[in-house]
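Next come two complexes built around subunit A: one with subunit B, the other with subunit C.
And then the complex of A and B:
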């Protein structure tokens, strides 16, 4: 596994083509790396640094600054629930507590099956559709626990099938 | 900066250079604006907000340009509604600032209070305590008492090793980014960065090894708090206990000005030892920076275990400790028996005064041959001819200027020059690097030319024939400096290369002016001194070819440098060795006489820019060691060759009378200082950091022959036969590594983790042919020695050559490039 894999070559080349220097493509490449590894692993940092011809310290610094890069291993599904005030008024905080209880995790934790990581985040700009979350940066809106349970079990079943 | 503008600080008018940074301008006007993040050597960022001032400008009529006056006839000032950061402002005509108003006082107090909210206040155990900008500015501007609850302070890791040499205390860091910016803007090794943000922000390094830079120690100097400390000085002493002694770095041709911080030490029998080495400002030489080798390579001066403590003489088969009197009588006797067949080989760490006395003694006895060690770099005479002009300052090079670096891995050979040329490159200078392999300098070069090592001596032919555009850019530059090394050439090749370099400069008229001319990366601190005092590598070659009866080996580690030394030294009847170290005596040596290190005595070196610089006595002698000049003088007196001399300064007077280059140079002249900009080393450590103000002298630059309108002519380039590898052989190219296992560096244990294991770099294609894989042990037979080292198969070596770093294993690498066999061990 590596972002040097052929499957990313085209996308990486496309990113480099957008900018005057390789260095400028560091952020899109970090996203690709995160897609590959599920998080910004030390190997990912090294690989992106080599590709962008930067010192790996600078790449790590960028990964650390932006919250959408995760420097900790994550489950396959990264659920970020907005619990800011407008969402909370629509019950997002209760929803979040129930979600954690259902997955048996703490804030920021990963479920035992390794599939789901949940954390609360600041405003995602979809207050009118709360409770909402983003799953691997895709919005899921107007949620309740029933919908959520269905989603979780579906993914669990998928994973199980995949294993077999 | 010829134009000046009028600015007003606290209602007083000052004329200051146009466009200057306001903090600098105020400083020159005697008004210290407090800063944390601003540093006069770096671009301002306005992060800490400590330099807030009231700012305004005098209003002028737009049409007529006349100053508008108010009702009372005073100029109208338009004030900014809020305080402004002085550090992000460049002065312009009519700028008005106030630094002493209640509003400014309030702002300063608030900024200090804010910084202290999460600062641990552990000054009593902090290395910076006593010379700490935060401490000083808190005393001056701080609130006096805290409104914070102590137990609420952020508790963070206080012992984070960023590498082997620098420790980070996360609690103390005020996040000014000075260290990050230094590494990026000045050193060019951007291995530090911020990680996370807000309250979680921290300094990190992700390089391998951590904080991988030869300049890391400087970050501890400019850190405005005790967040960055060096492994050497950490918990070592309090700044106010230290006595500062001006000195000169003994390791390389830059001649960095340093300050030795001395203190009596319990662990060393109550003697004064060097507690730390700090930069001493000399804007023409090292500015306020030093390399980590300069900073952390001083431990041999105190190491009683490795130093030779008393004279040794061989009688019969025994090598016995003895008294000076006996040893000198014995040596004198041997010298008398030599009947004039006396010669000397002197190392490049010997001071001018030592070399002078050695010369007096050898010539007094009828000897003629004075050899310079190591005999690797030729052409010091050409540096004396067309070396960089008087008043040269690499810090002045910029747009329109050019630097050519040839046959040198500058970062490893003279790191401070590499640092300064990196900055010249940033300012717009054209930097051209020519070598047989990639080096770190390539990162800071506009053009990189790689040549075949077998043609290294003819690099300038290649430049002119095949890279005409680059050659024309160089010759057409406003100022041109050529820095030549001797990598990939033997002594004859080095001479040819230096002559070609000199011709190149003479042809294009880049000689006899400041910031123009030739520099060479002579090993050791006094390569040019060797030349001026008559010691040459050619004489060394002659000594090797026809050994004398009696040979002086002074401060030179022949056996560690040259694999051939063992055999030719056998032909010398009597060897008298002057040495610092106990393990060093050459087999068969007749007398080994202990001499003092640079820290124990005074003297002078001539750096690669021909600047004669003086160092001062900092500590007492180790054992019975004497200054080399004194040993030689006593020996001379014993032989009836002159009078006893009492001090190094008297010797300098003699040198000045006899050697034209030194005319007019006295210790007093060498100690002369002039104000330098930026003003560092005062009580305001917050401005420039803890580099010391120069109180020991800026040195005197010997004029080159081409200076003051002197005529110089081109010389003939006598190109030696190309060194070729044939029949399965490869070219073995010895190279320099900054961190190595040389004797003077071996006592500095804290740097040992950074000294690479002995290795050879080879090309993948060559390795494949020889069945060698990365990490294999290989055997290299070249130049009369066989080394077993690990192979690094990578792009560091061109095809057909292997790069063999010197001084990494106990078996010496060949002195110069040669063909050799490489095989899997």
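And then the complex of A and C:
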């Protein structure tokens, strides 16, 4: 397991080609590392630092500054629910409470089956389609709990099938 | 009439063929036959003002770029993170080539060597689509080496942020692009100056909506553009309407349209049986206004919003009806700014922390009337003393909401008659985990 793996070589080279400095590729490379490890692990930090000619402390500070890099392992589906003012005016707080209750988790927690990590986030620029969330960086909009329950159970069934 | 949201009339305009069939890249070809300074003059004459919030004249910004530097950049601000803003996303999803064309015209005007489009990380899908559109323009010979035989070379790249409001601030955006923490820089030097821009080179930073106007201006001329809107606010503006209206969404209208027209004629009015109470015309960062006949009849223009004590900003209109407790709304916005403060300047970092803490106390029914004075004092001490505008933005929701809706704060304060029946405000505390 490593981002030095051949399968990433082309993508990493394409990122370095975009910028006059290696350091500028730190953010795109952190995304690739997160894809490989599932989170920004110590190995991920080390590998990105080597590739970008940076100190690992500097890379860690970048990973910590931005919310889309996860500094701890998380579920297969990372559900980031917007509860900011415009979404809250359209029921996002109640939606988020119900979602947490259904998955039996606290804010930032992962469901017992290890599939879903949920947290609330700040405005995602989809205020006219609230309640909404991003699932592994893809937007899901105009949600209600019926849609969410169907989604969750579908993913649970998929995971179960995969196990068998 | 749509200059920007043309997909409303031409649904497939995001496709290269459809865009070209509808006059796409003609403005860029026209600009390439003009001298760069002539292009700047047209944009200057059009009075196009920055649509990201500050309203700075785009042509003037371009004219600051030194002519003889060998390396210069255009950075497109597609970070769109202001609470209540979702216009740049629709432009990039439905009319991406017009943004690319506008950015290329800007790049020609300042003789830039590269264009970086900085998208917020959450625009993951948008960025990947945009990469395909850029590849199409590259294949057509509008991007790359020796563009259209002019001998000028310019490349266009996307760069994804990773979740930080502050990166919409231009100097923080440049730091983030350089692989540093997204924190604002000390200015001067400004981005347009040598030493102040990307990698130390002179750089124009413009918002998506601003640049997407440019092809239309080159095609139709500055005078035609000035015929739309008001004297000081030329052109159309995309108004992002969210919150308590029947039809939330983006509405592109000539500037000068009144709030009443926007909210009733386009957004369908308040929910059945309710009335409007407060409006944030510029998202979480601008002053709130109380809804009455004077404010409803105010024109949505830079000068019109100033007259009623607020700003047009990025025109993210958050609408709240009579059911909203404005103290709760203020505390929501403070939680946003507390989370998004980059931590570099103490007044903003500490100020947002304490505002949030004291507001939580007030909302829980544990605060006193003195606490309301306290948050005003804290907020006032954050104004004008930080490197970027975030400190001021974060002070606004408190200062203006307390001023406009004092009764909504006072009702939470602990007093002999209030404290008898007071229970913690459970609903408002929801999702307040930051």
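Operating definition for what follows: the second predicted complex is superposed on the first by the 164 of 164 C-alpha atoms of A that agree within 3 Å, B and C clash if a C-alpha of one lies under 4 Å from a C-alpha of the other, contacts with A are read in each partner's own complex, and residues count from 1 in each chain.
Note that contacts are C-beta pairs under 8 Å (C-beta built on N, C-alpha and C of every residue); 3 or more make two chains touch, one makes a residue touch a chain.
Since this is a predicted model, take the numbers as computed values, not measurements.
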Checklist entry - Touch check for A:35: first (subunit B), second (subunit C), both, or neither? => result neither
Item to check | Partner contacting more residues of subunit A (subunit B vs subunit C) | outcome: C
Item to check | First, second, both or neither for A:84, with subunit B first and subunit C second | outcome: second
Next on the checklist: Taking the superposition on A as described, I'd like to know which of subunit B and subunit C A:57 touches: first, second, both or neither.
Outcome noted: first
Checklist entry - Thinking of the overlay built on chain A, is A:65 touched by subunit B (first), by subunit C (second), by both, or by neither? => result both
Checklist entry - For A:125, is the partner it touches subunit B (first), subunit C (second), both, or none of the two (neither)? => result second
Checklist entry - Can A:45 be said to touch subunit B (first), subunit C (second), both, or neither? => result first
Next on the checklist: Need the overlap of the two footprints on subunit A, from subunit B and from subunit C, as residue ranges.
Outcome noted: 61, 65
Next on the checklist: For the complex, give me every residue of subunit A touching subunit C.
Outcome noted: 18, 20-21, 23-28, 30-31, 52, 54, 61-62, 65-69, 83-86, 88-90, 92-94, 96-97, 107-108, 120-128, 130, 134, 137-139
Checklist entry - Within the complex, which stretch of subunit B touches subunit A? => result 189-197, 204-207
Next on the checklist: Quick check: in the complex, which residue numbers of subunit A touch subunit B?
Outcome noted: 45, 55-61, 64-65
Next on the checklist: So in the complex, the part of subunit C that touches subunit A is made up of which residues?
Outcome noted: 80-86, 88-89, 120-125, 157, 159-165, 176-182, 199, 240-244, 248-250, 280, 284, 316, 318-320, 324, 329, 332-333, 336, 339-340, 342, 427, 430-431, 433
